[in-house]
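Read from first to last, the chains carry the letters A, B, C, D and E; within each, the first residue is number 1.
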Amino acid sequence: MLARDPVLPAVFEVDRLTLEYRTPAGVVRAVDDVSFRAAEGERLVLLGPSGCGKSSILKAVAGFLKPASGAIRVRGREVKGPGPDRIVVFQEFDQLLPWKTVRQNVEFPLRMASRLSKVEIRERSEIILKKVGLERVLDGYPHTLSGGMKQRAAIARAMVTDADVLLMDEPFAALDALTRTQLQGELLDLAEELGFTLLFVTHSIEEAILIGTKLHLLSPHPGRTITSLDTSEFGRGDLGSARLEALSREVHDLLFTKRTDSKAVQHV
Amino acid sequence: EGLIRISQQFGTLYLPLHVIRDQNLIEKHAKALGLDDVKVEWAQLSGGDAINAALLSGSIDIAAAGIGPFLTLWGRTDGAVKIVAGLANQPNYLITSNPDLKTLKDFKPTDKIALPAVGVSVQARILQMAAEKEFGPGNQGKLDNNTISLPHPDATAALLSGSTEITSHLSNTPFQEQALKDPKIHKIFSSYDVLGGPVTPTYLYATTEWRDENPKTFQAFFEALKEASAWIEANKKAAAETYVRVEKSKLDPAFIQSLIESPDSKFTVVPSRSFAFADFLYRTGAIKKKADSWKDYTFDELHGENGS
Amino acid sequence: MSDLSLGRPAEKSRAAVRLRDFVFTSAIIRKILVLALLALIWELAARYMNKPILFPTFTATMAALWEAVTTENLLQSSWASLFVLLKGYVISIVLALVFVSLAVVSGFVRELLQTLISMFNPLPAIALLPVAMLWFGLGEKSLLVVLVHAVMWPFALATLTGFESVPETQRLVGRNYGLRGPSYVVRILIPAALPSILYGMKIAWAFAWRTLIAAELVFGVSSSSGGLGWFIFRNRNELFTDKVFAGLAMVIIIGLLVEGVIFRVIENVTVRRWGMQR
Amino acid sequence: MSDLSLGRPAEKSRAAVRLRDFVFTSAIIRKILVLALLALIWELAARYMNKPILFPTFTATMAALWEAVTTENLLQSSWASLFVLLKGYVISIVLALVFVSLAVVSGFVRELLQTLISMFNPLPAIALLPVAMLWFGLGEKSLLVVLVHAVMWPFALATLTGFESVPETQRLVGRNYGLRGPSYVVRILIPAALPSILYGMKIAWAFAWRTLIAAELVFGVSSSSGGLGWFIFRNRNELFTDKVFAGLAMVIIIGLLVEGVIFRVIENVTVRRWGMQR
Amino acid sequence: MLARDPVLPAVFEVDRLTLEYRTPAGVVRAVDDVSFRAAEGERLVLLGPSGCGKSSILKAVAGFLKPASGAIRVRGREVKGPGPDRIVVFQEFDQLLPWKTVRQNVEFPLRMASRLSKVEIRERSEIILKKVGLERVLDGYPHTLSGGMKQRAAIARAMVTDADVLLMDEPFAALDALTRTQLQGELLDLAEELGFTLLFVTHSIEEAILIGTKLHLLSPHPGRTITSLDTSEFGRGDLGSARLEALSREVHDLLFTKRTDSKAVQHV
């Protein structure tokens, strides 16, 4: 079930990507020779140990990081810089603009795009903020929110946009089980509704299988491809099923047991 | 033609300018010369260097500053500026609060003399000339180490308060008269003693270029000045009132009148003992251009007068 | 800076404690206390020194201030100065913001700006005077040039430093939503750097005054309407030290009002409200 | 500010591009280019104006600078000024840090400091002169007082603003590990507020120069121990404008060196290295 | 299994605690009338939905937040302010001091306490940094770390101190499954070795049961006690056991199903 489907055109395509950071102590290679692609409506999940370069890949796809080598193409065109066609939910808590209230933060991308009227923007923002459970703090400033509330506001800001590529970096990490399940559901509903293409980073293998149609597993630092898995057949209904648990364990083993790449690929 | 911009500084020395302003004398004389529409602008500037810069940049037409800044400018521009007229004869006193100081010979290194712009101001030159006279040629710089740059008002305040190292001040009207009201202060010398007679410390000057281009305006100004000086000499009380009115001064008019009425003070356009400065500055190397007589650096209008 | 400043103070029962709390927490009352204390120190020091010609007492200064306001149109002179000052201030700030915004876009402009700042910032305003006169003549224009010189570089430096310290994530968010050029500066960098910008505005305000007063001393006035600097200069020349201090007190009062009202309100509705500054 | 500044530039093949990149990325070369450009503008403007007594050309100024350095001990005068300046600078910064640290501990001191800053910051240095003379006499002491006045308030304000903008979490971490009083200030607040403090030091540096030069002009130098301000003043009075500009050029050169070497190095090993500033 | 054991003296004790924030819009009650206590060596876990006030309680115990009413006592004495006897791991990523390298950050509390020699401090820090897997970036500055690496460094900084009260706010939220399990193990080992008392916030119910000897469940905003559970009998060995899963589900239901408090208490 190697994820290659040359019929569908790729929405984004990462080709032999290597990412490096320059530090005073020298060049740090964060990501080494990673390739993947996602077609229209696919949801690709990056999985890998802490520090393996998931956030870096995401930032590169978003256009914030220039590849040391390799190429990133979005809809066939090389990524030159960031843009509102690829909306990012960052891992950091301080991604909300502190000078805007929660509502203003969520309205912000819509106002920038300025395709909607003020009333529409307001309504849409309120609906989405209600979905993430922030109706109580609509007019609060970010510094008065708890960690999880900040994350939810950031998710709302990304989901409100109708962007057709979403890049999300551990968006649910600071949420409790129930809220997490709810938001996973919201995300999947929205994906079905709008058909956006998703690049998603998470540390929860279950979440990865549930959300993703494709998993891309990365080795520890510097991140190298272990393998790609197709998980499109798993859906919300499989929660708690033996099938899902078996796959979970398999992915866990793939990620954290040392084997050669070739073996891993054979195994899939 | 038709526009004249005049700079002014603080003090009763500039009284002729106040009178001109108060009585619209330039306009009057311009009219007499057939120049109907003359516009007069007054600029309040302080410090010879600012005034020279304003003159050179063409921001003002008539500069009013001390003989020192004028001669420097004259030397540096190779005669492109000349004196229109003197403002008045007035003495500068060296005053002190130290009862032990009677002559320059009594000054010890710790006796500090305040004056504006050490080394270059009129007062500084007077002190140098006094030193040369006292200690002989070549010793004009003997007291330079005692001098401190301090604007007149601050120096006077320091002297009167008696709580600083400043014990002496080579001063100026009206500060010296105000200071001398205090019984602790006494006079060591007057510039008239040093130069042997009345001195005109401050002048009005303009560029030759401006004069050539604006002969009538120039003439009107010169006539106005003459009339103002004469009027002051004739109406000292009214002149004092004019000063208070124009300057919106809070000083006592009687005090101002006493300054004007002082026997040492004389309002006249004729320069007095300016050549002593020109000669001294050239001899000591402060200016490179040599003047053979006071007429070298004044406009022709004055040459008929008995100046020096 | 209390460790517990996040929370509500524990309820205390006695009225005395309440009063003390009120006095110590109410900004206005605290400010008045501080001012009264300073006035007292001034009065005592001046009485002790007993040199009214160099250092008049607080009461004498206030009397002179009252007299100057009622009989000498001090308020009008202050307004004249303030008006020029505001003009120079606004020009400087707009110029600096434009310049710094360009520096955000282009590395060359940035280097140029940094070089200009480190060149011009240490130059005293009076040094520019002759050149300013050469180009702009006497009067307000030159005064404005000198003022702009005095104010623009420190403000530009503050803004530049602020822009450089904007947290990475907020910058990326702005880029991500497609902001570039002026709208990036206006919508992300300026609000994110607002604490530094406000600091720059305070400094600029202070230095605008310093420079204006000093410049009015040298420049005097070309028109009849003398400003505050001229008022000070004239009274210094006439040895009315109490009036000189009254003029300075006017500067102080305006400064306190601007700082205590305008800047404080701006800070309260922006950076403090946003949790960017305590 | 490139969007991609985090990463290594993509490899480009041609040497010309490499060279261009080198020129545009090497800070020193860029700086020299900028300076050369400014010198050229100066030269052309001065030639066009053609008023050497008011605005000498760049070449004339450099010649005068060379002459002043070789024959008139300009370096020595500069050193004399620099020495006084450094004294005043260090005193101001230490005083301000102490004062601001106290303000961190006590709300009253904080209010007092803020009031003093908004009172004294707009006052021109010359206003302090008579009072300074009264207490400290003539000469260096008074000069230092005036210098400290000019420098201390803006620096204190910068530091205070910086302290107030320290992120909450870092503050809490410091408290959590038991830091209080001076060690809290030294170990948490100062490094966390270093961008603002460095900005304050740059501003303080600039204003120390401005004030020193102006103060040397207005008062307090006896002719024997002239500094740079005195050099400028003397030559201005004698209308040697090229030498005046040479003196100012000296100030600029010192400013560029301090900014381009000292402050840049400090920034590189601190705030930039720590990712607190770009 | 209500957690009341009056024999052991309480290390920290929260008594009818109410916490409030003042905002321009009015006073926000974050925590309402919450009481719990932990005796020597107990590990109390706070569980509750996002925004219910867990971090606030932690900050109050740490001494950063003053109770609006109620009392917090640590070893019998009212908490007056923060101190190094209660070391906190914050939820925020920016808790590392950016001007110190990873090593210096970890050494920092030891240097402050200054009971050890420099060499000892260095050794201990290196050992602990190796345990959290940061030996590669000892001399890197925090801004060059990934989110998970920052969290690990903060954990290392807390664990190195030998404090006898540790307060940890979702310390493992940004870590991958393996690292998380490892660090859970490290924490439990250390707890056994040193016997510190722990106040722990997490969103993972399994983690809560595993780490805690006591769970304290909170209702949504404003946080009120739902119930307390004793879980001291569960250990690492129970991972994946049916018993643990049953309890997990029970806790999940307690947290997220709406019932009255009284009922919840009865149930336990």
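Basically, contacts are C-beta pairs under 8 Å (C-beta built on N, C-alpha and C of every residue); 3 or more make two chains touch, one makes a residue touch a chain.
Keep in mind it's a predicted model, so treat the numbers as computed, not measured.
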Mutual neighbours - chains that touch chain B and chain C alike: D
Reference chain E; chain at largest CA-centroid distance: B
Two chains sharing the most C-beta contacts: C-D
Euclidean distance of C-alpha centroids - chain A vs chain B, Å: 82
Euclidean distance of C-alpha centroids - chain D vs chain E, Å: 47
Centre-to-centre distance between chain D and chain C (centres being mean Cα positions), rounded to whole Å: 19
Where chain B touches two or more other chains at once, by residue number: 53, 56-57, 154, 157-158, 161, 163
Per-residue multi-chain contacts in chain E, two or more chains: 21, 59, 63-64, 81-82, 92, 94, 143-144
Residues of chain D touching at least two other chains: 3, 51, 54, 130, 133-134, 168, 175, 217, 273, 275-276
Complex contacts: residues of chain A adjacent to chain E: 21, 23, 25, 28, 47-51, 53, 55, 91-94, 133, 136, 139-140, 144-149, 152, 170, 173-180, 203-205, 221, 252, 255-256
Chain A-facing residues of chain C, complex: 167, 169-170, 172-173, 175-179, 188, 191-192, 194, 270, 273-276
Chain C-touching residues of chain A, taken from the complex the two chains share: 59, 62-64, 81-84, 86-88, 90, 92, 94-95, 97-99, 108-109, 112-113, 141-144
Contact footprint of chain B on chain C as seen in their complex: 49, 51, 53-54, 72, 129-130, 133-134, 137-139, 217-222, 226, 230, 233-241, 243
Contact footprint of chain C on chain D as seen in their complex: 1, 3, 24, 27, 30-31, 34-35, 37-38, 49, 51, 54-55, 104-105, 107-108, 111-112, 114-119, 121-127, 130-131, 133-134, 153-154, 157-158, 161, 164-165, 168, 175, 195-196, 198-199, 202-203, 205-211, 213-214, 217, 232, 241, 244, 248, 251-252, 254-256, 258-260, 271, 275-278
